[in-house]
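Here you go, one structure.
For reference, chains read A, B, C and D in written order, and residue numbers begin at 1 within each chain.
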Amino acid sequence: MYIVDYIKEVASAVKSLATGMKLTGYYFTHPKEIITQEYPDNRATLKMADRFKGEVIMPHDENNEHACTGCTSCELACPNGSIKVITKFEVNAEGKKKKAVDQHIYHLDMCTMCNLCIEACPTDAIKMANTFEHSVPDRNMLIKRLNNNGSKIREGVE
Amino acid sequence: MYHINELLNSDNTLKPSFVAMKESDDYTINIGPQHPATHGVLHLVITLNGETIKKVDPDLGFIHRSIEKMCESLSYRQYIYVTSRMDYLSSHINNHACALLVEKALQVEVPERAQYIRVIMDELTRIASHLLWWGAMAMDMGAFTPYFYAFRERELLTEIMEDTCGARLTMNYMVPGGVMHDPHETFVHRVSKEFLPLLKSKLHEYEELVTGNIIFQNRVNGVGLLTYEDAISYGCSGPTARASGVHCDIRKLYPYDVYNKVQFEEVIETAGDSMARYMVRMNEIKQSISIIEQLINNIPEGDFQAKTKAVLKLPKGEFYQRVETARGELGVFVVSEGGTTPYRIKFRSPGFSNLSCLDHITKGSKIGDLVASMGTLDLVIPDIDR
Amino acid sequence: MISFEHITKWLQAWLNAHMSPILVLAVETVLIVILAIALFAVLGLVLVIMERRVAAFMQIRMGPNRVGPWGLLQSTADTVKLIMKESIVPTHADKFLFNLAPFIVMIAAMLILAPVNFAQRFHIWDLNIGILFITSISSISVIGILMGGWASSNKYSLLGAMRSGAQIVSYELSAGLSILTIIVLCGSLKVSDIIASQETGWWIFKGHIPAIVAFVIYLIAVTAETNRAPFDLAEAESELTAGFHSEYSGMRFALFFLAEYINIFIVCAVGATLFLGGWMPFHIGHLQGFNHVMDYIPSSIWFFGKTFFLIFVIMWFRWTFPRLRIDQLLNLEWKYLLPISMVNLLVMTVVAIYHLHF
Amino acid sequence: MDNEALKIQLTELLPSLTFEEGGEWLNVNVDPNDWKPFAAKLKASAELYFDYLFCLTCVDWKTHLTMVYHLSSTKHRHTIVVKCKLDITTPVVETVCDIWRTAEFHEREVFEMFGVEFKNHPDLRKLILPADWVGFPLRKDYEDPINMIKL
C-alpha cells in the first residue's frame, strides 16, 4: 500500500529526528557534562604534561654552571637552523686552549619543537621546558641566549 | 578584478586570453581559498547552471611549502619531522612511513617493543583523525553540535599523545630505528582503561546524532558516486576507494611492523557514494579500537629504539615505502645518491589523488552535494599541496 | 494586581484628562513607537544571548560568561561593537537597494508586531483581520532579502537570495494552511477572538489530532520561513559563506541579524496564540482550585512563557539537525507538508462543521 | 606474477625494453616515443592488467630528466616501475591521463615543477604555482630567491 509506506516513511523520519533531539536535550539538561576549561582562570591548577615540548632551555646549577661543551651537535641536528652556537677558546688552569660555548643563541620563533637537538646533545646540556606562554610584543624577543651571563661549563663534562 | 589595461589591447580589442571569459555564459563561483567548507586554503572554481554544478576546477598551492624540495637539504633524521606538516591529522603515520623507509634501506631491525608502540600510535592517530573528520563533516552539513562531541573524545586522545610524545598534533615521535621515547608510564592505563571505554560508550551517540538522522541520510545517500573502475583509475586510496569496493588497505596487502600479527577486518563498502565513505570511516574507528585492544596489554619489554649511526647514509638506489594513513595510501619515494640527504624525494599523498576525482563525482549535482562529497572525501589541504 | 491592562487604561485616562484627542493620539503613537523599538532591542539582545547559551549547553560548552553577570551583557557588547564597525558598501553594489534592504526586512518584522496580544487586552492594534495581516506582511521580508542579495553584486549573495525566495514562497503555503486549520475552528481572524475561543482549553488539546498535526507543520514551516537551521539554506555558511548577507557589515548586518530574531519571536508568538492559547492560562476541566492558581499567574507571563518555549524548540532544532539540500527542501514542502496540511485542513473542516472538537 | 614472468610478458609487448634489477620492484626503461602505446597495452593486457598508477613523478639528473611511473595491478597484485629518459632541454612525453585518470593532476604537477611537456594532455595548466611563475622549482638548477634556511 502506497499510503501505508508513506506514513511509515514519515513516522521513521520523525523518529530519527526525535532520537537526535533527545541526545542534545540530554546534554542541555545535564550541565555537569560541560568540558570547557576556563584557561586563564585555571592557571594555578593547570598542569602541563611533563614531556610537553615548549621551548629549549639550558639548565644551570647553583654555581651558574651548565653542561654545554659548545660541540654544535644541536646546531647540526636542527632542521630549521634555529640554533646558533658561537664558540670561543678558553684557557684553562693548565694553560691549554679549550673550545667552549660563548653564546648559545636559540630562535624560538623558528623552532618547531621537534626534539632533535635534545636527542643529539651528547652531554644533556639542553632540554625541553614545558612552558607554553610565549607571546611577546616583538618578534626579536623570541631570539634567546640560553647560557647565562658569566656561566661556565661544569667540571668533568667532556 | 582586472584593470582595464590588462583586459584590452592598444586598439581596444579584448586580449585573446579574456575572450573566452567574456563570451562564456558560465556562472562561475570561487569556493575558497577562504571558505568554511574547504577546511583550509583550497580554491575551487566551480561552474554552475543554476544550483547544478557543471565543472569543478581545483586550484591548489595556497599552502604549498615544497616539502619535497626542502627535504633535499635535510638529513634522514631531519626529514621525518617535516612530514608531520603534510597530513597533520595523521602525522604519526607520515612519520612512520619515513622511518620505515630509512630502516628498509639501511636494513635496521626495529625492536618489537617499538613496533608495537608505533602501531598503537598509528591507530590512535587514525581514530583521532576520523573523529575530527566526523565532526568537521557534520559541520559541513550544517550540524554544529557533533563537532564538539567528537572533540570531547579526541581531547583525551591528544592528552595521551601529549604525555608520551610531548606534543598534541605534530608529534615527531618516530625516529629511524624505533621511537623517540619510551611511552609514558600511564600510557597503557590511560589508553586501555580511560580512552577506549569512553570512546566505546560514546559511539552510539554518533549514530543517534548523525548516522541515523534522516536529513543526513538524504544528504549523503547516492551523492558523489564513485564507481569501482573510476576509483582505481583516479588513483583513489584509503576509505574513499574502499567505499567503492577496492581492496586497497596497505595494512592488509603489504603489512608493515606488527600489522601482520593483529586480527582486523578491511572495511569494504560497495555503494561508492558519500554514505559508503561515511560508513567505512565509522567502521574503521571500531576496527582501530579492536587493533589497539589486541596490542595495548601485550607490549613486549625491551628497547624502544634500535642502535643507529649518528649520521645516516642511505645506499645508492631508489626506495619506495607505502603506509596506510587515515586518508589513504601515502607513498614515500626516495632517490638516494649515497649521501646524507635524499637526492630526490616524492611524497605520493593520498589527498592529491582523492581530490582529482572531485570534478568527476560532483558533475551534475547541487552545491550542497559538493560540500557533502568534499566532506566525505576527507580532504586535508596541506596533504594535497605538500 | 497591577497588569498591563491597568497601566494602559490609566495612561489613556490621564492623557485624555489633560490633552485634546488629536494630541492624545499623537502622544500615544510616539509612545508606542518608542516602546516597540525598545521591545525590539531588548528582544534582540535577549534572544541572541539565549541562542548562544542554549547552543553552548547542547554542545557541552559554557557559552558567553564573561561580560556582565553570567555573560548577560555579551550581546550588548556585541551590539556596541557592530555599531562602531564600518559599514562597507561594495564598489559594484547597487547602493540604493543595498542600503534599503535591511530596513525593509526590519520594517516588515516590526509591522507584524501590531496585532500580537502580549497580555490580556494589551496590544497595539487588534484589527479584525489580524492573522491575515500577519501572514501577508511576513511575506514582505523576502523582498528585502532578494533585494539585499541582488544589490550586493556578489554571486554567493545572489544564490542565497534566490534560494531564500524559493524557500519562503513555498513554505508560506503550508504555514498558511496550518494557520487556516485553527481559523476554521474559531471562525475569526481577529487575534483577541482567537484567544477568547480558547478560554476552555487550548486548541492543541481541544482540536484532536488535526490540531497537533497542524502545530507540527506550523513549527516546521515557520522554521523554514525564518531561514533557521535546518532550513538555513539562504545563509548556509558551509556552502555560500553567509548567503544573502555576505557583503553586509556593521549595523546593516546587525539589522538583518536582529530581524531574524524578531521574526522568530513573532512566528512563535503567533504559534502560541493559535495553538497554545496566547495569554490564556492553562486550565484543566473543572479542577477549580488548580485553575484559580493558574489564573493568578499574570497573563503576560503566560504569553511570554509559551512564546519562549516555542523559540527554545526552534533553537533545539537548529543545534541538532544537519541542513537540507535545496531540492530536498522543496520536496519536503511540496511532497510532504503541503499534501498533509491540505488533508489536515479538510479533516479539520469536518471536525468544525460537526462540532466534534471539545 | 614474479619478476621473471613479468619480464617475459613485458618483452613480448615491447622488445626494446631494458630492465633494471635491485630495487624492490622490477624497473623497466622505455623510450619516450614507445611509452604511450606500451602504456595502453599494459592496461589492456589481461595477464598484466596494470590498472593502478599509484605514483607518477620525475627526477632531475642534471643531464637528463627521468619520468618514473609506479604501476600496480589491483587484480594480480604485481608492481613495476616504468622509467622514461627525457631530454633536459626539450622534455616531451605523451600523456597517459586517458589511460589512468589520476595522471591528469600528477602530470600537471610535473609540468610546472619540472617543465615536462605532456603531449595531448587535455588541460595542461599550472596547478599549484601561480600562473605567472617563472622557472621549474624542483629542478636541481633552480635557485630560490628567498631561502629560509640559508638566510
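In this text, a residue touches a chain if its C-beta (ideal position, glycine included) is under 8 Å from a C-beta of that chain, and two chains touch if they have at least 3 such contacts.
Since the model is a prediction, treat every value here as computed from it, not as a measurement.
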Of all other chains, the one whose Cα centre sits farthest from subunit A: C
Contact-richer chain pair [A-C vs B-D]: B-D
Separation of subunit A from subunit C, taking each centre as the mean of its C-alpha atoms, in whole Å: 51
Between subunit B and subunit D, centroid-to-centroid distance (C-alpha), Å: 24
Cα-centroid distance, subunit C relative to subunit D, in whole angstrom: 63
Separation of subunit B from subunit C, taking each centre as the mean of its C-alpha atoms, in whole Å: 45
Subunit D residues counted as touching two or more neighbouring chains: 149
Residues within subunit B bordering two or more other chains: 145, 152, 209-210, 213, 215
Subunit C: positions in contact with at least two other chains: 58-61, 319-321
Sites on subunit B touched by subunit C in the complex: 27-29, 35-37, 51, 138-145, 147-149, 152, 209-210, 213, 215-216, 218-219, 366-371
Residues of subunit C that touch subunit A when the two form their complex: 54, 57-62, 316-317, 319-321, 336, 340
Touch list for subunit A against partner subunit C, complex: 10, 17, 20-21, 23-25, 27-28, 31, 33-36, 38
Partner subunit A, residues of subunit B touching it in the complex: 74, 77-79, 81-82, 145, 152, 155, 159, 162-167, 170, 172, 175, 180-181, 184, 205, 208-210, 212-215, 217, 310
Of subunit A, residues touching subunit B in the complex: 12-13, 16-17, 19-20, 22-24, 35, 49, 51-53, 77, 79, 112-116, 119-120, 128
